[in-house]
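After this come two complexes, each holding chain A, first together with chain B and then together with chain C.
Coming up: the complex of A and B.
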């Protein structure tokens, strides 16, 4: 279990770094997909089977769509020539490193409460009862947000607005 | 496999994503940085549920919200890139600096 977790963790971070190292945006998309799938794999290790599989399925579809857009906007097809499109590289690296050190220090030095014993039963069942009961508002807001996103993306992406003919 | 391990993974993913979001010039690459940051949040949410609050499903609901945010962020992001590219042939953040002036 532990070995599998650390292997997936290293894979997730390594793939995340690869996203910003490779020259081709299409390759970067697949590196991001690898990182997301590794995270889905870690969820399977902590009994979150439904969420783990949900992440895997959703991210595979999402990255397929992303790959299409990536190829559309790709400045460097197939990464044939080495290129780097960055600004403020040093400052960005310093900020990201500092944030990591701060978060890691918080992780290691916070006296976390002892791990709780999980009550028996299927976590997916608990999640289903939760979103159809006390957390229903969350799911309703998510539904409205998805609808709003669908409308706004179509409005943004169409060539002309409805009244501008 | 401990809470600290999961949170370290989350911190590393968040930091890598932050680096990308700050440094990439291409708007689509910047969005990949944001996705990695949300990826870190998802890991932390799942780990908190498993280790600290497994008796109710709040952590799982948080993960569901984060996954949705990820998908919506990508959809709106690509719509904005398409709109700005169509309007002005711009696809890098440096060229989209109208609000600077």
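Coming up: the complex of A and C.
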């Protein structure tokens, strides 16, 4: 179990580093995907099968759409020539370092609540009850926000108006 | 366990060959049909591709192409592991439907990687066509799968088969079944939805593939077709349920029936323009599947 966890953790971090090392937008996208799939794998290790498989499903779709957008917006649209994945190095390093320190400090110094009882039953079922119960407001707001973002992105991206087919 | 793995592998291989043979037979000219043309063509094509030399384009991304070709073959095989072929599936996951969906989405990545990797314009256009097609079919497809899961009250494939003892879901939720069949064509980029491999693109995504790469690509494509056809059986057609014959035989008969339907559709239906399908899918199919989901949800409400 812990061997698998560390293997996945190292894979996730290594693939994350690869994103900034490779010289092609396509490779960077799929290195990021590999990193996220490794994160999905860690969910499978703690028996959250639904969430783990869902991460695989959503990340593959998401990265495909990301690839389309990233390649659309880069200076070298066809990606034929190698390109640098890092810009504005000093500021980026300062921001990244600060955020890392903040997050790491947060994980180390937060008084995590101790589990009162062993989680029992089907985690998928428990997740569904939670989403449809106490977390419903949050999920509804996020859902509508995502839908609105999708629609506005499509409207902005399309040449044609809604009546022109 | 090993016998189930072997059974699955043998069934997949036989059905892939069968689909390719039927497709070749239907596409053969009347003259070559008279001399038995078609049925042996998959073997001849495989032998030809195995000895063919690899062609290279200028500055290809070989790594991404290889990953794409392997994924195109691996994804349907992994998706098939949750399908019950009569008995228990190879992996009876409690989230089988989600697993199936996740694996079939990997086909998007596979096709895009292959199209991108060749560094050639037609494969790239084909790859983008497939991503657009994916955005069109995926949501109605997911809603169809969710409707089945809601109807059975479970994401496990064997539970879904159990829940259809009274009446097949193809009858109880016909809209979801029809949407599933349409999305099966789109997912396998087959027939009317075969534009990512369109003739106007000189073959599209695999245009630059040759030799063993092309053989793997074709095997993967037929494997996707076979697996989406096979998944219709536990999801909508009652799995192995049926009189007289054992469960595995009924599963096989139903799978072949769906597969023949899909293969024949390629030779009978005209090509669909992707922008038209996008509009149709979002404006008609999504509301229809949502209405179907609502109806099923109300019916199963305790």
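What we mean here is this: the second predicted complex is superposed on the first by the 116 of 165 C-alpha atoms of A that agree within 3 Å, B and C clash if a C-alpha of one lies under 4 Å from a C-alpha of the other, contacts with A are read in each partner's own complex, and residues count from 1 in each chain.
Quick note on the criterion: a residue touches a chain if its C-beta (ideal position, glycine included) is under 8 Å from a C-beta of that chain, and two chains touch if they have at least 3 such contacts.
Predicted model, so just to flag it, every value in this text is computed and none were measured.
Counting the residues of chain A that each partner touches, chain B and chain C differ, and the larger count belongs to B. Look at A:17: by the touch rule set out above, it reaches chain B but stays clear of chain C. Applying the stated contact rule after C-alpha superposition, one finds that A:64 touches chain C and leaves chain B untouched. In the superposition on chain A, A:132 contacts neither chain B nor chain C. Once the two complexes are overlaid on the shared chain, A:1 sits against chain B while remaining clear of chain C.
When the two structures are aligned on the shared chain, A:116 is found in touch with chain B, with no touch to chain C.
Touch criterion met: A:54 reaches chain B and chain C at once. When the two structures are aligned on the shared chain, A:27 is found in touch with chain C, with no touch to chain B. On chain A, the surface patch touched by chain B in one complex and by chain C in the other comprises residues 54, 65. Partner chain C is touched in their complex by these residues of chain A: 24, 26-27, 30, 33, 49-50, 53-54, 56-57, 60-61, 63-65, 67-68, 78-80, 122, 124, 165.
If you check the complex, the residues on chain C that touch chain A are 59, 61, 63-64, 67, 93-95, 98-99, 101-102, 105-106, 108-109, 112-113, 116, 119, 124, 128, 131, 134-135, 138, 155, 276, 279. Across the complex, chain B is touched by residues 1-2, 5-6, 9, 12-13, 16-17, 19-20, 25, 28-29, 32, 35-36, 39, 42-43, 45-48, 51, 54-55, 58, 62, 65-66, 69-70, 73, 75, 85-89, 91-93, 95-97, 99-100, 103-104, 107-108, 112-113, 115-119, 123, 126-127, 129-131, 135, 138-139, 142, 145-146, 149-150, 152-154, 156-157, 159 of chain A. Chain B makes touch with chain A in their complex at residues 1, 3-20, 22-29, 32-33, 35-36, 39, 42-43, 46-47, 49-58, 60-61, 63-65, 67-68, 70-72, 74-76, 78-83, 85-86, 91-94.
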